[in-house]
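Shared between the two complexes below is subunit A, which pairs with subunit B and subunit C, respectively.
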Partner chain A sequence: MQPDSAILLAVLAIPFIGAALAPLVHRVLGERTAYYAATIAALCSGLLISQYGRWGTVTVEWIPALDVSLVLYLDGLAFLIGLLASGIGVLVFIYSGGYMHGEPGQAKYYTTLLVFMGSMLGVALVVDLLSLFVFWELTSVASFLLIGHYQRADRSLYAARKAMFITVTGGLFMLIGFLLLGHVSSFVLDGTTFTLIGTEQSLIGIPGQVTHAEAIRHALIEKGLFVPAIGLIAIGAATKSAQIPFHIWLPDAMEAPTPVSAFLHSATMVKAGVYLIGRFRPLFVPEHVFAAEVWTWLFVGLGLATMTIAAMLAVSATDIKELLAYSTASHLGLIVAGFGFAETVGAETGAFHILNHAAFKATLFLVAGIIAHEAGTRSIDALGGLRHDMPIVAAITAVASLSMAGIPPFNGFYSKELLFDAAWETAHHFGGLAWLLPVVAVFGSIFTFLYSIRFLWLFFGDRPTELGEIHRPPVAMLLPAGVLAIVVLVLSLGAAPIAHDFVNPIVKSSLIAPAEGYHFSAHLPHSLKPPVLMSVVTIVGGIATYPFYDRLHHGIRRLRSVALLAPNQYYDRAITGIAHVSDVVPRYVQTDLMRTYAAVVMSAVSAFALGGYLLGGTGTDLTEAVTGVNLALPITIILAVAVIGALAVDRAPSHIVGVLTLSILGFTVAVFYVLASAPDLALTQLVIETLVLVLFLLVLDRLPAFYGELRRRRAVLDGVIAAAVGLTVTITVLVTTAADPSDGIAHYFVEKAPVPTEHGTLITDAGGGNNIVNVILVDFRALDTMGEISVVAMAALAILTLIGMRNRGERA
Partner chain B sequence: MTEVVLAIVLGALYALGTFLVLRRDVVRVVWGVTIISQATNVYLVTMGGIHGSIPIVSHGGGGHHAVTDPLVQALVLTAIVIGFGTTALALVLTYRLYQEHGTLDLQELATTEDSQ
Partner chain C sequence: MSSSNQTTVIVRTVVRSVVPIIILVAIGLLLQGHNFPGGGFIGGVLTVTAFALVYITYGAEYLSQYLLGLTDGSVARRETQDVLDPDTAFFSGTVGRYSAVFGIGLALAVGGGLGAVAFGEPFLSQAVLYFDHIPVFGVIELASALVFDLGVYFVVVGSLLTILAVVGNE
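After this line comes the complex of A and B, so read on.
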């Protein structure tokens, strides 16, 4: 059954409409705008849920003439991401109602969050790659605004710029990857397409019906674009999903208000990268292989490295939000690695962990927000024994962090088990160095265990004496966290049926063609298979290492302080370098000298024109041109006088001489018009030239005589530029006059301007005058003439103002 | 038929105008712009052909094959007038510039701006 196009479009449109109205609503409702936004999010998720199971494509014609249409595609994966964006959106908006109490800039905050939610829904639902790119970058822009919410704080400005710079740059790489795919598609399909999936003419095709994936892969390999395409898309995904070494923006992004961190920087926006990988997986990973070319090693390597290093960084964190940020990067690494594995179990890992991670990590962020809000500090060392003050929060945290640690029977265990399974199977198949994969996976998971327990320990142990009074959190903040904890519990206890019914279509979205009768299932293990042993090693290793947590913490911190190992150093140095370039360049480009600008513009125009002739040819034989001198002697003489006049202007020793010689040029041009059969021009030129002469003399009377002697070196350089311009003009005149176009337009005016013979004196269809130039000016092109008069009027007004201002003593 | 003489003359006028635009003296820059706009007008007229007869025809038209292009002339007529407007404005700006800064040297103006 196809999804309802009106409903899907509404899901996309409602958040944006809601965002547009948010500032108005804020005027009326004030801080209760949170509940208005929550209602919108609830509406979106309700509409989305109503379409559950109606997988398929909706094509909305946008500009039919250009064959541009908006292609929406709903399947398990799209539904999951859409549900996370709108469903967690509801909880985050409610939570914001408590958290943002008394904070500045709330209208902006809710507007941006709603725009973000709409963009995220767009990323999930749109499969046209160019539209996807637009929504993708919109989420980056929204994230920028939200991280920089506290506009006066330098740290949040730094963080906002960093996040924007890294994710938007990555998005541009991704766009190039998309363009490569579109280019290659034209060799396989009828014409270029940017639709990824869901239509006859799409890159992947319609799952179960049409498959183009293999043909596209072959075309990519043939054109040598296979590795670049995957690499470029991977950069986009890695920057967005904070993979190493692009993870550095995520911890800084914690400057944002905590609901934003919970929503954008753990549950949804950072999931866009892994979503993209899952979405593209059917295109690049063929069925029944153990490793897809490039794909597997790239993403498994990236994912496992991020998972392990970010988990170690989380152990070294001193701030609870920093810990959660690194942990988020680590879990995103797990998902990336999962999608990287070519076996079916890889797709299962990625799909299931997106769901599990969103549930437990959003919970923990909301808890972190509650702790910061009520205890007034986010420092791990300063916190402890919070269970006495916040027993309910302690229970919520226990559920979520045990799930994060991957302890059975919590849901985090299931997806981690799937990762172990995938790593083990791949290692088993390839042998040799591939055995590193399960080892690294277990090693990273031990650190995950460690920091999860450390976070939980905030609620146990001794309460530091310096910790002040802690208030009970408001219901608006407690409720969303509680709801999410219940979601985690439901996912944990109902893992088997949920996997069977809900996760199954999500997994299938990332498979090109699932085997006959394939159905995803998850259950607690009942025999000691390798993955189970790996989990046992993880947990036992974690418990054994936990007493040495502090030593590990300090050890990793020391490692982090080595400059060479810190990506932040490279980032900061690059930014300083770029800023330095920005300082230097204007010194040469923006010299405040008219001369520089004129020289650059004129030489550039000449270079382009001459270059164009050189490359494209002139279409005429210019050597032939030189033979045909056909100008009457009087015109030649007059023109010679004009050039002499202009030369005299250039060499004029004083202003007065220059103006007079300029007049020689002007009046000879008038004579030229007479000889060139243009009497109207000659008349106008004579009048105007006289006026200009008078004007110049009037102004010169008030100006100093002359200064600025010519320097030889400068004169030579200017002479070269001037000669180049002159040469360009000469050649263009030769080229254009050599052509002989039909005089279509002129012909029309000559026919229509005079009174036709058959009309006598009454005319409606003709200009009705003998002087064709005049008829054109006042009749055929009268609007142009009016524009001309307006220009003169404006110039007159400007002149009056300029002189008047001076007389009133104002300084311009 | 190529207009060799006009091509050379126009090239020379443009070159002389450009040279003036690159000078330090604002008045000279204005002259340069004036020369270039004069040359442009001549250029346009040349494009329309200069060998025909005057585009004034008697009642009922006729003989129109011989006339020069009237449309180009109409455009240039407009251009001449607008050129006057811009020259006048440029001159007044020059005058005001001198009043405000006491100099017409663009080099000097740029350096004093930097030092501010």
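After this line comes the complex of A and C, so read on.
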């Protein structure tokens, strides 16, 4: 059954409409805007849930003339990401109602969050790669605004810029990858397509009916674009999902208000990267292989490295949100590695862990917000024994952090078990160095265990005496965390058929062709298989090393301080370098001298045009074109006058003479147009020339009366540039007029522009005017004219803002 | 700029008589553009030329205050502040009025184009109403393109006047 197109479109549109209205609503409701936003999120998730099980494609025609349409595709994975965006959205909005109490900039906050939610739903539902890219970058922009919510704090500005810089740049790499895919698709399908999945002419095809994945892969390999395409898409995914070495933006992003961190930087936006990997998996991972070419090693390597290193960094964290940030990167690494493995179990790992991680990590972020809000500190060392003050929060944390640690029977255990299974099977199949995979997976998991328990320990142990009085959190903050903890518990009931049925379609989304009768299931282990042993090693290892947590913490911190190992150093240095370059460039480019600008622009135009003629050829014989020029006597005379006028400009002793002689040139050109039977051009030239002359008169008395001293070197240079421009224009005119275009278009205009001989009272198929030039301007090519007058209006606006309002910023 | 003190009586007299003629010609060019040389752009530029002549000979205040009747004297004196003041941004003050003109022009052009959409035609399609055998006039032709041309005209007039006023203020 196909999804309802109206409902899917509504899911996309409602958040944006809601965002547009948010500032108005904020005027009326004030801080209760949180509940307005929560209602919108609830509406979206309700509509989305109503489409559950109706997997399929919806195509909405957008610009039929250009064959552009919006393709929405709903399957398990899209549904999951959409549900995370809208469902967790509801909870985060409610929580914000408590957390943002008395904070500045709330209208902006809710507007941006709603825009973000809409963009995230767009990322989930849209399968046209170009629209996907737009929504993808929109989430980055929303994230930028939300991280920089506290606009006066330097740290938050730094963090916002960093996140934006890294994720948007990554997105651009991804765009190039998309373009490569579109390019290659034209060799396989009828024409270029950017639709990834769900239609006859899409890159993957319709699951279970048509598949082009194989052919696209072969075409990519044939063109030598296979590795670039995967690599570019991987960069996009890795920057968004904070994979090593692009993870550095995520801890800084914790400057954002905590609900934002819970929403964007753990549950949804950072999931966009892994979503993309899961979405592309059927394209690049064929059926029945143990390792997909390039794909497996790239993503398993990236994922496991991130999982391990980020887990170690989390152990070295001193701030609870920093800990959670690194832990998020680590778990995203786990998902990436899962999708990297080629077997079905790999897809299971990735799909299931997206769900599990969103549930337990969002819970923990909300808990971190509660702690920071009520205890007034986020420092790990300063916190402890919080269970006395907040028993309910302690219970919630216990559920979530044990799940994060991967302890049975909590849900985190199942997905980790699946990863161990995938790693073990792959190692078993390839042998040799592949045995590193399970080892690294276990090693990273031990650190995961350590920091999870450390987080839980905030609630146990002794309460530091300097910790002041701690209030119970408000219901608005407690409720969302509690709801999420219940979700964790539901997912944790391993045998629960609900969880299996829910995860099943998600897994299938990432498989090119699921095996016959496949159904997802995850159970508590009955026998001592290798993955179970790996879990045992993880937990035992974790318990054994936990007493040395502080030593590990300090050890890793020392390692982090080694400059060579810190990606942050490279980032900062790169940014300083770029800033330095942009300091230097204006010194030569922006001289405030018209002469420089004109020289640069003119010589660049000439260079490009002449270079183009040299490389591409002009298509005409130039000598023939020159000898073919046939001038009537009147025109020759007029042009001679123009040349004399031009020469006279050079000899002019003062500005006023210069301007007047220059206008001789302009007016003779107008006369030339008259002689060449182009009355409209002549008229235009005349009025423009007159206006310019009048304007010159306006400013003339402000200019110095005499020219300055002429420097020989500069004069020669100017002469060369002027000669080059003249040459370019001459050649261009010769080339364009000598070429013989098919005159079909001219005939069309001549026939269609005037009133036809036979006509009714209402003429719609002809221009109905005798002035062909004007009919072209206002009728046939009216859209072009529209663009031109917009430019005129924009120029006026630019002058108005640049000159008229230049003091505004300084005043404010 | 108070050029009114500097211009000679010859210039002022000539401008006084020439400007109405220029504006008439400009409007004529605009209206006949569909069948003869002319059109919105040319008409617009010519109109601005007329205003510019007034501006140079009589000054900005005379142009905005007495000729166009845009503002009373007190506002005209505060003209510069009006542009700069964030509270009275784009569409107030003399310059604001000028910039409103190109806004209206853009709206006309877009609105004329959207009219076609209302009839189920693509955006910016034009049509002509053509009446033969009308007494006195003979033939009357009503082109929807004239709306679009009017839009062009207003955009050109508004933009150039805005530029003139802002730059002239310097």
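Definition applied: the second predicted complex is superposed on the first by the 621 of 812 C-alpha atoms of A that agree within 3 Å, B and C clash if a C-alpha of one lies under 4 Å from a C-alpha of the other, contacts with A are read in each partner's own complex, and residues count from 1 in each chain.
Simple rule for what comes next: a residue touches a chain if its C-beta (ideal position, glycine included) is under 8 Å from a C-beta of that chain, and two chains touch if they have at least 3 such contacts.
The model shown is predicted, which means the values in this text are computed figures rather than measured ones.
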Worksheet item: Once the shared chain is lined up, is A:Thr636 touching subunit B (first), subunit C (second), both, or neither of them?
Response: first
Worksheet item: Is A:Ile803 contacted by the first partner subunit B, the second partner subunit C, both or neither?
Response: both
Item to complete: For A:Asp779, decide between first (touching subunit B), second (touching subunit C), both and neither.
Response: second
Item to complete: Would you check which partner chain A:Leu665 touches, where first means subunit B only, second means subunit C only, and both and neither mean what they say?
Response: first
Worksheet item: Is A:Thr690 touching the first partner subunit B, the second partner subunit C, both, or neither of them?
Response: second
Discussion item. Looking only at subunit A, is it subunit B or subunit C that touches more of its residues?
Written reply: B
Item to complete: Check whether A:Ala795 is in contact with subunit B, with subunit C, with both or with neither, and answer first, second, both or neither.
Response: both
Worksheet item: With the two structures laid over each other on chain A, which partner does A:Val750 touch: subunit B (first), subunit C (second), both, or neither?
Response: first
Practice prompt. Name the contact category of A:Asn771: first (subunit B only), second (subunit C only), both, or neither.
Written response: both
Discussion item. Touch test for A:Ala676: subunit B only (first), subunit C only (second), both, or neither?
Written reply: first
Worksheet item: Do subunit B and subunit C land on any of the same subunit A residues, and which?
Response: 679-680, 684, 688, 691, 695, 699, 755, 770-771, 773, 777, 785, 792, 795-796, 799, 803, 811-812
Discussion item. Quick check: in the complex, which residue numbers of subunit B touch subunit A?
Written reply: 1-25, 27-29, 31, 34-35, 38-39, 41-43, 45-48, 50, 52-61, 64, 67-74, 76-78, 80-89, 91-96, 98-100, 104-107, 109-110, 113-114
Worksheet item: In their shared complex, at which residues does subunit A touch subunit C?
Response: 65, 679-680, 682-684, 687-688, 690-691, 694-695, 697-699, 755, 759-764, 766-771, 773-775, 777-779, 782-783, 785-786, 789-790, 792-793, 795-797, 799-800, 803-805, 807-808, 811-812
Practice prompt. Would you pull the subunit C residues touching subunit A in the complex into a rising list?
Written response: 1, 29, 33-42, 45-46, 48-49, 52-53, 55-56, 83-84, 86, 89-90, 95, 99, 102-103, 105-106, 109-110, 113, 121-131, 141, 143, 145, 148-149, 151-152, 155-156, 158-160, 162-164, 166-170
Worksheet item: For subunit A, which residues count as touching subunit B in their complex?
Response: 591-595, 598-599, 602, 620, 624-626, 628-631, 635-636, 639-640, 642-643, 646-647, 649-650, 655, 658-659, 662, 665-666, 669, 672-673, 675-681, 684-685, 688, 691-692, 695-696, 699-700, 702-704, 706-708, 718-719, 721-723, 725-731, 733-734, 736-738, 743, 745-747, 749-751, 753-757, 770-773, 776-777, 781, 784-785, 788, 791-792, 794-796, 798-799, 802-803, 806, 811-812
